[in-house]
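The structure under discussion is supplied below as structure tokens; questions concerning it will follow.
All chains are identified by letter, namely A, B and C, in their written order; residue positions are counted from 1 within each chain.
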Amino acid sequence: MNADIANVISNGLVTGCIYALIGVGFVVVFRATGVVSFAQGAFMVLGALIFAGLARAGLGLAVGLPVMLVVMLVIGGVIYRLVFARIAGAEAFVASIATVGLGIVLEVIALLIWGPEVIAVPQLFNFRSRVHVVGELNFSALNLFVMGLTVVAFVVIVVGLNRTPVGLRMRAVANNPQLAAYSGVRVVRTSMIAWGIGGLTAGLAGVLYLLGSQPDPVTVYSLGLAAFPAILLGGLDSIPGSLVGGILIGLLQAAIGVFVGGEWQDVGAYCVLLAVLLLRPQGIFGSAEIGRL
Amino acid sequence: MTGEMTMPPSQVQTAPARTRPSPRTLPGGAAGGAVFVLVVVVTALAGGQYAVYTGTLIGIYALVTVSQEWIIGRAGLVSLGSAAIMAVGAYVTARLSTTSWSVFPIPLVVAMIFGAVVGLLIGVPGLRFRGLYLMLTTLALQFIVAFAGQKYQGVENQSGFVVNPPHWGSLDLGSPRALFIITCVVLGLVLLALRGIYGGAAGRIWNAMRQDEAAASVLGVNLVRWKLTAFIGSSALTALGGSLYAYQAGLVSYGTFSLDLSLTLLVMVFIGGLGTLVGPILGAAVIVLLPNGIERLSGAFAGIPQVADWLSLHEATVANGIYGLLLLLVLLFERDGIYGLVRRLGSAAAGQWHRRVRRGAVQ
Amino acid sequence: MTRGGSTRGSAREGSAAQEAGPLLDVRDLSVTYGNGASGAEQVALSVRAGEIVAVLGRNGAGKTSLLRGIAGFLPSEHTRVAGVASIDGVNVAGRDPGQSFRHGIVLVPERNKVFSSLTVAEHLRLAARAGHHPDAPCAFEALERLRTRRAGLLSGGERQMLALEAAFRNEPRLLLVDEASLGLAPVMVKELMSRLKEIARERSTAVIAVEQDAAAALRLADRYYVMNHGRVVSDGLARDVSAVGLAAEYLGTVR
């Protein structure tokens, strides 16, 4: 295996995992409340900044990461309760526009509190140590950490949705919120959990991105939008789709970066988005119904 | 020159009487038109440099927001790519302005044609399904146009294409005041045209579609075709706005027409209020004047240097945050936007006044 | 949204006592939708514990609005409910569906009455909180062999059975059933209705069944109400009227 391809695979998988995490939160929110969230990028910024603050205060990954996840879970839930409980459901389209406003507000709050500079975070990984896999392919400890956490997050979400009472209620709300309410499911509470998961996974994506690069908040925010091609490719309402779509777009962008040039990466992803819309609007795994949304 | 240019606005004033009255689209259309003409004429004749400049900017944005309202308020669609379509119009204008096709209004017309073509290209894949998919296609358009623009400008035009001022043979129309008048005349004509369209059969079809797509479809309305019509028309007008923007800025570069601009335009439409022509214009005016308001605010806090410094340091960020907050508040609490709020407060005040008058009469 | 004062709380829990006051007392109930359309206007109706009541009327007579006015609307539907719908003296009109559910009101809607992406077993698990074991035998025996099937793949009759099965497992004191017969074969309607009646009697569950099929409704119900243009226009005992005569009455009341 030559070095270029090895590079594509390792970079593509890592970027893909971050897209997948942004995407899975998006999908959970979309399924539970029908809202197309343009605010995932803002949740990433918040997660990254909160974690960076904790890390600078001396808390390592073992404490900082769980604390960040809990805080993001709460923020996501509270925002649903305050903003979207009133308008989601019957007016999903209006709610989707509202997420644009929400995204701007959250980003501005983050910028005003923490400033627009590159997010400072202490070095938590030794980038020199690499794990050799096969041929030229090797992964840094950070790469393995990113991929491992993504796998854990997906396993927890999939098992949680399919094997727990809360997950069953979330799927009921996703399928038909009105009927769920008449069946005794507390729709608002369940939707709050969905938004909490959306915030939590976006926050995790933000932290993982932060650890690998040295981004400023605005760059993190725009990555939230850059994940849309991946989300659409996988299917807006499919959880496995968000993983597959994320990885595919990640690999594609890495390949473009290596063989064509970095400036073509975003435009390449968006051309895929247009192609998906033309050829298979429900994505690889999405249900056909959402084509009519 | 100014005298010559004020001719068209007077047509604006008389025209509403000819179009079919449509209380939904523009209550008191004639009165609104008169106010519009009055503001334009006073600003053109007596406005200072700042007023003329700001007026032009508001006019350009109002043109774009009014055309975006066409798809949002009538066809129930949302585009995240209005800035990209403005960019198309702006590039066309910049390139034509240095050729023999630069005679006013040729660049504007060609820009509209290009805008319509882009609308068609992006609308066909985006409109086969409901609103959500147009949002995503236009999001893609936004990135693709920015990238194509960057490539098109290349290294030699890195800072952008220079736009030569508009002219009519040997008559230079490039002065700020002339640009202001051109903008307002174009805006006025567009408003008249839209008023006519909304008041006619097409307007009723869009209205029916927005209220109940299924029912409209059963009645034989081809939903995709009518949405596409709205999107193409609105794209042509948005490109026209881009064309005027190019003349006003004098330089066209991809960086101007970012996703942020698209979002700002969206905010303008929603906070102004959907379903009317006045709303988007109000929205454009509020958002254009907002940074200035913040500047004033920081002036007002001069006594407390910390607040004043903080405000002037974060002026752009604060303005951004206020846009976002306004959008949220409007969507949550006042779906009809500022115009709806003004109208409601107005009628409440009128009701109060009537009650008081009646009480007075009884006493 | 009127939250109205509480009314007398006289119904005795779970008893089918005919002589006790009503379990549900609806007065002046009006439903106005977000677009200004009126669904139901000043409806008055009462149901005693364990009683089965049919609400008849043409399409658009306000029957569904009445049921949903009792069971509640989601806040995002922006629907206004005025008046009183009191169960055990607690007014649930204008409250959210969860409130009605906690007071023992369960609605089986007309369309989308099951979760198409969940299996039959998952429906039973979702309804298991009232203490019923998810694996307990189904009151509708036909569901037993369908437990692993997705509800979206069930036939119309099977969906209706599943919806009713899940509703009964939530231990309602008042079951609201919207157009259970709609789109079903006559044989199926007959079977379903008689089973519904059996189960309701066994558990002394009060039922309000909204129906267009007068014959099916009268076989099921003790009493009936007829609605037209959002209002109750007549009511009486089911045994006193013939389905044909009644249907002619409300289908004949054309403007």
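List of remarks:
Keep in mind that, in the parts below, a contact is a pair of C-beta atoms (placed from the backbone, for glycine too) under 8 Å apart; a residue touches a chain by one contact, two chains touch by 3 or more.
Model, not experiment: these values are computed from the prediction.
A linear topology is adopted by the chain contact network, the touching chains following one after another without closure.
Across the two candidate interfaces, A-C and A-B, the one carrying more C-beta contacts is A-B. Distance between chain B and chain C, defined via averaged C-alpha coordinates, is recorded as 51 Å. Chain A and chain C, compared by their mean Cα positions, are separated by 42 Å. If each chain is reduced to the centroid of its CA atoms, chain A and chain B end up 34 Å from each other. Of all residues in chain A, those that touch two or more other chains are 86-87. Looking at the complex, you find that chain C touches chain A at residues 71-72, 74-78, 96-98, 101-102, 106-109, 112-118, 122, 125-127, 129, 166, 170.
In the complex of the two chains, the chain A residues touching chain C come out as 85-91, 165, 168-169, 171-172, 174-187.
Residues of chain A touching chain B in their complex: 36, 83, 86-87, 93-98, 100-105, 107-109, 111-112, 225, 228-229, 232, 263-264, 266-267, 270-271, 273-274, 277-278, 281, 291-293. The touching residues of chain B, counted against chain A in their complex, run 76, 78, 125-126, 128-133, 135-137, 139-140, 143-144, 147, 150, 259, 263, 266-267, 270, 314, 317-318, 320-321, 323-328, 331-332, 335.
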